[in-house]
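Same chain, two partners: subunit A is paired with subunit B first, then with subunit C.
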Partner chain A sequence: MATVKIVINKIRQSKNREGAESGAMPVKWLLHWKNISNLDKKMAEDILSEMLKSIERMYAVKEGPWKNTLSFFHPNLKDLKKPTVCASECLGLSLYEDPEKFFFVLFPPKLVVEVDSNYSLLMNHLGSYKKGNFIHFEGTRYRCGDFRLRLGFASSVSLRIKAVFMEIEYLPISSIKTAEPIMEGFISLLKLLMSQTGIPGNFVCHDPKYAEFELPDQYSSMHTALQYSYLMTQLI
Partner chain B sequence: MEQQKSAVIEGDAPPKQVALAIERLGKASRLFAEIRLGVDRLLEVVIDLSEQETKTALDLIVKGDSSIRCHFQDLLILGKQLEEFGVLNESLRSRGDSWGLHMPLVCPDGAVVAYAWKRQLAGQAGASAVDRTRLALKAFTDQKKRFFSHLQDESSGQTYGSDLSISKKRASREDSESFGEHKNLSDVLFSLQKEASYMNVFTYKRLDWRKIASSLTDVKNIDSLKEKNSLGSVSMNEVAIIELFVPSVFRAFISLHPAGSTNPDSVAFFSPDEEGNHIHPNGKSLFHVFKYIKEHADRALQYFCGVNRNASLSLLLNWICSYRTLYSQSCCGCGRILFMESVRVLLPPVYRSYLQSSSLKFSSFQTPKNEQSSERISAYHIGCYVDERL
Partner chain C sequence: MECTMQGVIETQHVEALETLLNGLCAVPKERVRVHEFFLKSGPNLGSVSSELQLLCDIGQSTPSWIVRHIGGVMRGPGADQLSVVVRTMVQSSISKNALRFFYYLGYKLEYETLKTGFAFNFQRGSAKISITVITVNKIPKLHAIDEAVPVTPGMQLVQVTAPATADNYGEVAASITSFCDHLSPLLYLSKPSNTTGIVPTAEATAASLMSNTGMKTF
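And then the complex of A and B:
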């Protein structure tokens, strides 16, 4: 347990020393479709096809498939003689665009960590954290002018979740604050189009507190990881 | 043979020299075509290798190779001759004994050849009437597309002409009050940097920018490079490219011609995160937003040059500053930020009124105290834009 914590701290420190990442990432916002009742498979597919029609009205062009996986990690407290400070909630996320990296979001302390993708294997071997349930986010990528959209299902067999969600990316901007009006404009347009289809429910947008997790205004994959963890809390 | 030719050249009249230069350029392009054909034939032989006897194939390959090498040698000789002429570099311009015509130069950043020398050539080299008209028409349409792009938007030519002259008179009367003296480059740039604190201004010599553009992603180097090119570190006589950087919003480039003057030649906009060799004052951004801003900026530049030549740089800089609100100012026509344009792309308001910009007071680089004040330049979507000249 202690070794894991030390390793995580070392990674965090080295990240800070290097400074900002060399490549700037475009800003992304994550939304999901909230309904009063839980969705079953048929309903989810209907919602997805209506969303697809709406974005096709915005002249979106299909780009390709994609998939992210969110896993839960539980601390293994059996072998400890005395209690130590450790993260009670640990979420691991692997992203399609960054296959060589793995992201952890820890709940106390509020931390987002970027590690090598082999690290989860290491954790399994160390035995300090056990892998639990996982949620798959799977769908298709679309390009709509300067926007990139990812539309798909969030599904987990073990947790019995099925949800429809969308990721909106505005390519020219990488500063979260600057992109706010544009994103809000796009979402209101999307809400308008979806309200015309007559499907019950609404888009829900999260407002992750990036500052609390010490993330800067410049967008990066760590921000994406945080957004997914917020989405996960909504789904469960 | 070559010495004989060069002796003839020294004593020739300028148009004849220009004609020879053009003929050689033509020969060069024919050589390129021959080389291409030769390579294609070689490829054919290699692909059909399995179907022919290897001996004949080998002969063909050797023959083809030797002919291509011959063509390359000819091309090398031709290139040397053209270089002596000064066709491929700026040596003639600096020599000062230019032929009294504009040189057909091939500039590194793709500058357009001037129209005037073609006309002289066609007139004095005995070209037929058909050739002359064809040359003139082609040159004129090319120049029109580049320099008079705003004319393509017009439906009726007559009303446009009279309104433009009226608006020109109105603008120039007001401008002569605010742009009293002819300001030089360092005055303009330093006052801009002082008043527009939200923006970073960098200056570059023409070829220095090329070196930087390819290493924009290298964060460790970029700070030291930027320090070298911050305002004041490059001598004003050599400044040929000005970069205006508003963090997180845009990066704009203005090219000056000649270097060190206040004559803007071209302008381009890019995303602050964009990198690559297409980032220069004549380049086009990868994003739709900045592509359409650049088209509008070309028209604005022509307008400012037409209205007040001396103050065109100041007017242009002032107008560019209004783009700091690109993502936050809603359109004056529809009141929204995003709009689905007829070109099938969702865009923020990419048009800024340049007529309004040129009639505002000079010192509006600063953000107005009251954001809603009338001193703000109006923003429009492409579809909401009403041509102010009509």
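And then the complex of A and C:
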């Protein structure tokens, strides 16, 4: 417990050095729990329970539920056999943090697009792409000092997906580069705590290579959409 | 959905129209400078082909983008009796990489235009009316807006539109028609498919309007 307190104090001191950047979004990192064996419902619940115990050791306070949804859009082809020049798949995301917006991710060609939340209506009118499977990312928010944590399951009945993940948001900083050492410190602490639980597996964090998608260092919901899209590629 | 009417006016009378609109609308004039891209879905994409417009407002310091789809026109005896066209229209703001996005989705650029002019946006009853007076310019080379040339030199397009719903389109149509009646001595507004050209009284009306403001038209 002493180690935990030292790390948290260190993180809090770093907040005072950096200061909050008004008008910009706090940086987030998305991790998922990678297990050796296939994750069943019982095991997923055990992992989530241990994660919760770990963050409670860091004095996390429960805030409320949240949910993000990732949808798959596929071209609506008149003739399936006929070769057509178009994206074979387009990911669409609605984010709890930004309900007025909707996001599309294409990779390739590495593109994140932001539209209004009424865009799905426009998509319906155009009729060129249709919505298919979806994955829900949902769980509970916790506040832990200057961090906001979102723990939950990624689930899709149709795709038979079940995964446990955690979103870590560092509230005072919106520069991805500046926040990196603080995030890494926090994740090291989490890994240490989780290693004491005996649960098989470990946290995996993916680098979405924002620059390749022409996203700037200042964090935005477009970065979040990209992280969830990357996570999805790991789950399928 | 939206209600819309359209007409044309000779460029020499635009100043008089602006004077009239200043008095009728009682709101400041807004500058219009929009680069429009007209895209069409590629073959085999969608059960029927679809068209959309990407509008880049280049009048602002940071250009903003809108994607718009104009769908079918309302038909039937009720719609025929209206002076306006009622049609489906869905639009959304979109990030600046919109054009690349639609290319990858399988849409092709049909043509592009530059629309320059002015607009008045105001409330009349339940209708949020927008009237734009614009020169439509064609762009001879890809994205070369500096080389844009007017499609109809000496003539400008006037469009009156207002968003509507299935519940209030009758009311919105009445508000637009009533407003357009005030413009009738200067220009004739009708359904876009019935645009009839310039009105005979335009010159005299314009002269009268400009003389009232102490200005002259030639």
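Assume the second predicted complex is superposed on the first by the 207 of 236 C-alpha atoms of A that agree within 3 Å, B and C clash if a C-alpha of one lies under 4 Å from a C-alpha of the other, contacts with A are read in each partner's own complex, and residues count from 1 in each chain.
To be clear about the criterion, a contact is a pair of C-beta atoms (placed from the backbone, for glycine too) under 8 Å apart; a residue touches a chain by one contact, two chains touch by 3 or more.
Because the structure is predicted, anything quoted here is derived from the model rather than measured.
**Student:** Using the superposition on subunit A, decide if subunit B and subunit C clash or fit.
**Tutor:** fit
**Student:** After lining up the shared chain so the two structures overlap, which partner does A:59 touch, if you call subunit B first and subunit C second: first, second, both or neither?
**Tutor:** Touch partner of A:59: subunit B, not subunit C.
**Student:** Please indicate which partner A:111 is in contact with in the superposed arrangement: first for subunit B, second for subunit C, both, or neither.
**Tutor:** second
**Student:** Could you look at A:153 and tell me whether it touches subunit B, subunit C, both or neither (first, second, both, neither)?
**Tutor:** In the superposition, A:153 contacts neither subunit B nor subunit C.
**Student:** Please indicate which partner A:128 is in contact with in the superposed arrangement: first for subunit B, second for subunit C, both, or neither.
**Tutor:** A:128 sits against subunit C, while subunit B stays out of touch.
**Student:** If we overlay the two complexes on their shared chain A, which of subunit B and subunit C does A:90 touch? Say first, second, both or neither.
**Tutor:** In the superposition, A:90 contacts subunit C only.
**Student:** Just subunit B (first), just subunit C (second), both, or neither: which does A:175 touch?
**Tutor:** So A:175 only meets subunit B here.
**Student:** In the overlaid three-chain picture, find the nearest pair of C-alpha atoms across subunit B and subunit C and give that distance in Å.
**Tutor:** 10
**Student:** Looking at the complex, which residues from subunit B come into contact with subunit A?
**Tutor:** Against subunit A, subunit B makes touches at 217-219, 247-249, 271-273, 287-290, 327-328, 336-338, 340, 344-348.
**Student:** Taking the touch rule as given, give the residues of subunit A at its contact with subunit B in the complex, in rising order.
**Tutor:** 19-20, 22-24, 26, 58-59, 144-147, 171-175, 177-179, 181-182, 184-186, 189
**Student:** Spell out the residues on subunit C that touch subunit A in their complex, using ranges where they run on.
**Tutor:** Residue list for subunit C touching subunit A: 41-48, 50, 52, 67, 69, 71, 88, 90-95, 97-98, 100-101, 104-107.
**Student:** Touching subunit C in the complex: which residues of subunit A?
**Tutor:** Residues 75-79, 82, 84-87, 90, 104, 106, 109, 111-116, 118-119, 121-122, 125-129, 214, 222.
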